[in-house]
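Can you keep this structure in mind? I'll have questions shortly.
So that you can tell them apart, the chains are marked A, B, C, D, E, F, G and H in the order they are listed, and the count of residues begins at 1 in each.
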Amino acid sequence: MSYTIYLSGEIHTSWREQIKQGILENQLDIEVLSPITDHDSSDNVGSEILGAEQNNFWKDHKAAKINALRTNSYISRSDIVIIKFGDKYKQWNAAFDAGIAAGLGIPTIIMHTPDLTHPLKEVDAAAQAVTETPEQVIEILKYISQA
Amino acid sequence: MSYTIYLSGEIHTSWREQIKQGILENQLDIEVLSPITDHDSSDNVGSEILGAEQNNFWKDHKAAKINALRTNSYISRSDIVIIKFGDKYKQWNAAFDAGIAAGLGIPTIIMHTPDLTHPLKEVDAAAQAVTETPEQVIEILKYISQA
Amino acid sequence: MSYTIYLSGEIHTSWREQIKQGILENQLDIEVLSPITDHDSSDNVGSEILGAEQNNFWKDHKAAKINALRTNSYISRSDIVIIKFGDKYKQWNAAFDAGIAAGLGIPTIIMHTPDLTHPLKEVDAAAQAVTETPEQVIEILKYISQA
Amino acid sequence: MSYTIYLSGEIHTSWREQIKQGILENQLDIEVLSPITDHDSSDNVGSEILGAEQNNFWKDHKAAKINALRTNSYISRSDIVIIKFGDKYKQWNAAFDAGIAAGLGIPTIIMHTPDLTHPLKEVDAAAQAVTETPEQVIEILKYISQA
Amino acid sequence: MSYTIYLSGEIHTSWREQIKQGILENQLDIEVLSPITDHDSSDNVGSEILGAEQNNFWKDHKAAKINALRTNSYISRSDIVIIKFGDKYKQWNAAFDAGIAAGLGIPTIIMHTPDLTHPLKEVDAAAQAVTETPEQVIEILKYISQA
Amino acid sequence: MSYTIYLSGEIHTSWREQIKQGILENQLDIEVLSPITDHDSSDNVGSEILGAEQNNFWKDHKAAKINALRTNSYISRSDIVIIKFGDKYKQWNAAFDAGIAAGLGIPTIIMHTPDLTHPLKEVDAAAQAVTETPEQVIEILKYISQA
Amino acid sequence: MSYTIYLSGEIHTSWREQIKQGILENQLDIEVLSPITDHDSSDNVGSEILGAEQNNFWKDHKAAKINALRTNSYISRSDIVIIKFGDKYKQWNAAFDAGIAAGLGIPTIIMHTPDLTHPLKEVDAAAQAVTETPEQVIEILKYISQA
Amino acid sequence: MSYTIYLSGEIHTSWREQIKQGILENQLDIEVLSPITDHDSSDNVGSEILGAEQNNFWKDHKAAKINALRTNSYISRSDIVIIKFGDKYKQWNAAFDAGIAAGLGIPTIIMHTPDLTHPLKEVDAAAQAVTETPEQVIEILKYISQA
């Protein structure tokens, strides 16, 4: 039986493509959902569609709410939420997505390098698996997708 | 009618005490819940009670899960979760708490300085109020507590 | 056993006071919750606590969200939500509260004059009782509060 | 991945057709649900199927309940509820639908002209986006539907 | 720790009083909730408070909805719903209450004589205990209330 | 968009076939679910599959629980539960199904002759429509199924 | 209408194959979900994908959590959970799965020989049917799958 | 703020008394709930109150259901469920309680000796802490109860 997964977090590396490629190569019956990963488009969508704002707070506010229409809808439909943390940027939205999944009772797989273990301990403690590489995520997906 | 609030986030400033003091001075009927804010105690509780670990991952894991017994229980009983972000440390657990509250449908008040607006836009967008100071939080609590 | 009721809607007549008085006179074990009914205070709370806005949309937005901290918390704790519609103003927030109660599965008692029957038919159809006067509401509360 | 949307509110303009047309032209994978928008049919369905009533209250009551079989079923299946307010009629049912969506935790997009900002502030404050035109709604749907 | 119980069903025998007496004599920490058991008052409450109806259907409708304000509120607060069936009257409301409890996940204790076993098999199958006498109910309440 | 309906209650008349026929003739996109309507098979399924019982209570108990596997699964998947009451038999299981639907928040359409109005007032009061004939049910289904 | 079933418990006999065969032979519209039943693979998956552990507790921990990604996802999608207990091994995970189903409100069919009746009485008491053989399970599935 | 805990599992050692004593000595604001721990009373309650059964299955069935009235009510009110496994008896009911807590989203603390780690890996993997002694449980309760 198929799974639906949502890929949250880091947008400046190719980890999403690697996971999609692994799913394809292994012919797994898994639907992959993702946020908008075009950084500029995501930042500006609010003012571009709904009108400019003088105050950056409201510009960000309108964009974040439109993005949440997609993000929250996709998270709530997923069987598993996979979240990648990196050392660049604050990535509070990644931890926020992990919390939403926890609050909804949806299991998570976290991906990060070992140097981030301490600041991510609360997020990791609520996860079903803590991985370092896309290959490990693919192996888990293969394992749980066996007939 | 009384409210129960949970104060999540930053532990190295006195913002929790300021809010408690404001509640006291204004005689508000509000119960205040907080995480364990002693940093060392919170980091070591797992190994101290359940036994030492060679691998720091598991030391953190055990501690984070014991802390979650308190944190998650308190968040789920709260009417409002108030979360303070600062520029020190990564504070992914603060964003994680905000996400849990969102997933459970519990409203949040976020507190941070304006320079953090952009990285916190998703967290702010899901909040009922974004504040900069404990005084503003106290004013909101006073306002919603009127007879 | 006691009930908790929330009184939503019209703020420029004395219906809330009449219901509270009836509860007092009949010594009913009923806790009464209400929104902030001071119109100016309610309209300006956002800009007064969180800072002025050039755009009225955001001024209203910030005020409405702070008011919702109280309103939604009170509605979700109530056993019954009582909503009064009048012919002044649009009172979309009253119908919005009725919808929130319906979405949460909390029963409602609606109060309005017969000339509003047609535009309120959807709201009335989801209610447990449609009344015209505070006296009728008090009679219902007396009836369901018998030992 | 597809979305299901419900179009609530104003029935005497062509906004629903414009949104459907935009979805078609942009080949978006979106299912569109709507209430019965034939005004007479919707008003009379109760007495026509279930028998005439002397009292208009019960005529309206029976019609509103049959309409709610469709309306509530459709709202609860939707990923997003889009609600259009106009200046004609009281449109309490539109605000009621917005409240039901809020109570069920389903996100909303609101559409209205700026002169309605103040009376709609509570409804807008709970929405993910506040728009003025069908074009803006279509732009949002296009944006969140990107591969 | 205390229990809250709701006593549904048959209103023309003294079974409620016997259970209350047993709780009193055994000093059990149990709160007892009941519907309005005055038959006339319960039948007429709608027309008496909200106005007379020519059609008995609406007279019954208004009364049943006011009674449901109490009944449903009490059932949803209960730890256990106890329902007594007799051979008089159709008692569809008793089976309806049993269904509401089942739909809400609240356990039931059913009371009836053995000759009603076959028509009540679906209701009994969903119950935690099927009893014949108030004494048996009291024994169960004593047993589960031990320190 | 399609509906799923469950037809509960009376098994010795042809009302289910009439509704199915009406759905077919009107080409409505409605999936129809029903309980096992073979009376003997339904009564004996427990002892036939799981072994005979000396005590009729347990014979009924085992049968009712197997039937509930189908009944409850079907009710919980339905958009609308339609329940027919007749004057034969006690039909407590029909009222029980109506209660389960109410407890789960699933709307109901009730069907019965006017002489049953008084004993069914609680069940009717929680319904979206009270009908007398299969034709009326078909009319409602046609109405809510319009494009 | 189809059912989805999950087959939990005993992995060293052929009961799952027998049930699948029975479903096939009777052409039942039933989707069958199962855990990973390769014992070694299931025990070692954590260390094989995520890295070796010195402490067996953490080896087991990582494996159990990955298995839970599949198990919990499958249980929560099922209409019925079927659980087989044997006298070999402790099979606490089978009882744990039965509890998860109970907590989620998903009905269960239990399978075991009569000598296990006493230690399984709590698990059996929450089940819809207690069987001894795969044939009985198939008979139940045939019965509830009738057109 | 206080916690409510439920102590499930092993009934032939004094672990419950040790935890209660520790709570008393440390003046923790914790309410302790337990099942009936008198083995004979618990086994026979069904037949003693509701009548003897020839078949032991039904004797156990009636007893287990009455015990579940207490057990399930207490588990669902708890903030934390603490479950002790021993090597005597099969203790499937302890694993069943752990599953119910997991299904309801209530956190658990598990207690057992290290030799039971492998058969309890699924239960442990879903727990917030795995302990060996009552002293460890008391330390955790002291830690999370700090002001």
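The rule we apply is simple: contacts are C-beta pairs under 8 Å (C-beta built on N, C-alpha and C of every residue); 3 or more make two chains touch, one makes a residue touch a chain.
Because the structure is a prediction, the values reported are computed rather than measured.
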Report summary line: Label-sorted list of chains bordering both subunit C and subunit H is B, E
Report summary line: Matching interface for C-D, options G-H, B-C or E-H, criterion over half of contact pairs identical, gives G-H
Report task. With over half of the numbers shared counting as same, classify the subunit C/subunit D interface as same or different. Result -> same
Report task. Select the chain at the greatest separation from subunit D, using centres from the mean of Cα atoms. Result -> H
Query raised in the report: Once you find the CA centre of subunit A and the CA centre of subunit B, what distance in Å lies between them?
Result: 23
Query raised in the report: In whole angstrom, how far does the Cα centroid of subunit A sit from the Cα centroid of subunit G?
Result: 31
Report summary line: For the pair subunit A and subunit F, the C-alpha centroid-to-centroid distance in angstrom is 44
Report summary line: Each of the following residues of subunit A touches two or more other chains, namely 65, 67-68, 130
Report summary line: Residue set of subunit H touching subunit E in the complex reads 4, 31, 33, 36, 41, 45, 48-50, 62, 65-70, 72-74, 77
Query - Contact set on subunit A toward subunit B in their complex - result: 56-57, 60-61, 63-65, 67-68, 71, 85, 89-104, 114, 117-126, 130
Query raised in the report: Can you list the subunit C residues touching subunit E in their complex?
Result: 1, 3, 79-80, 107, 109, 128-131, 136, 139-140, 143-144, 146
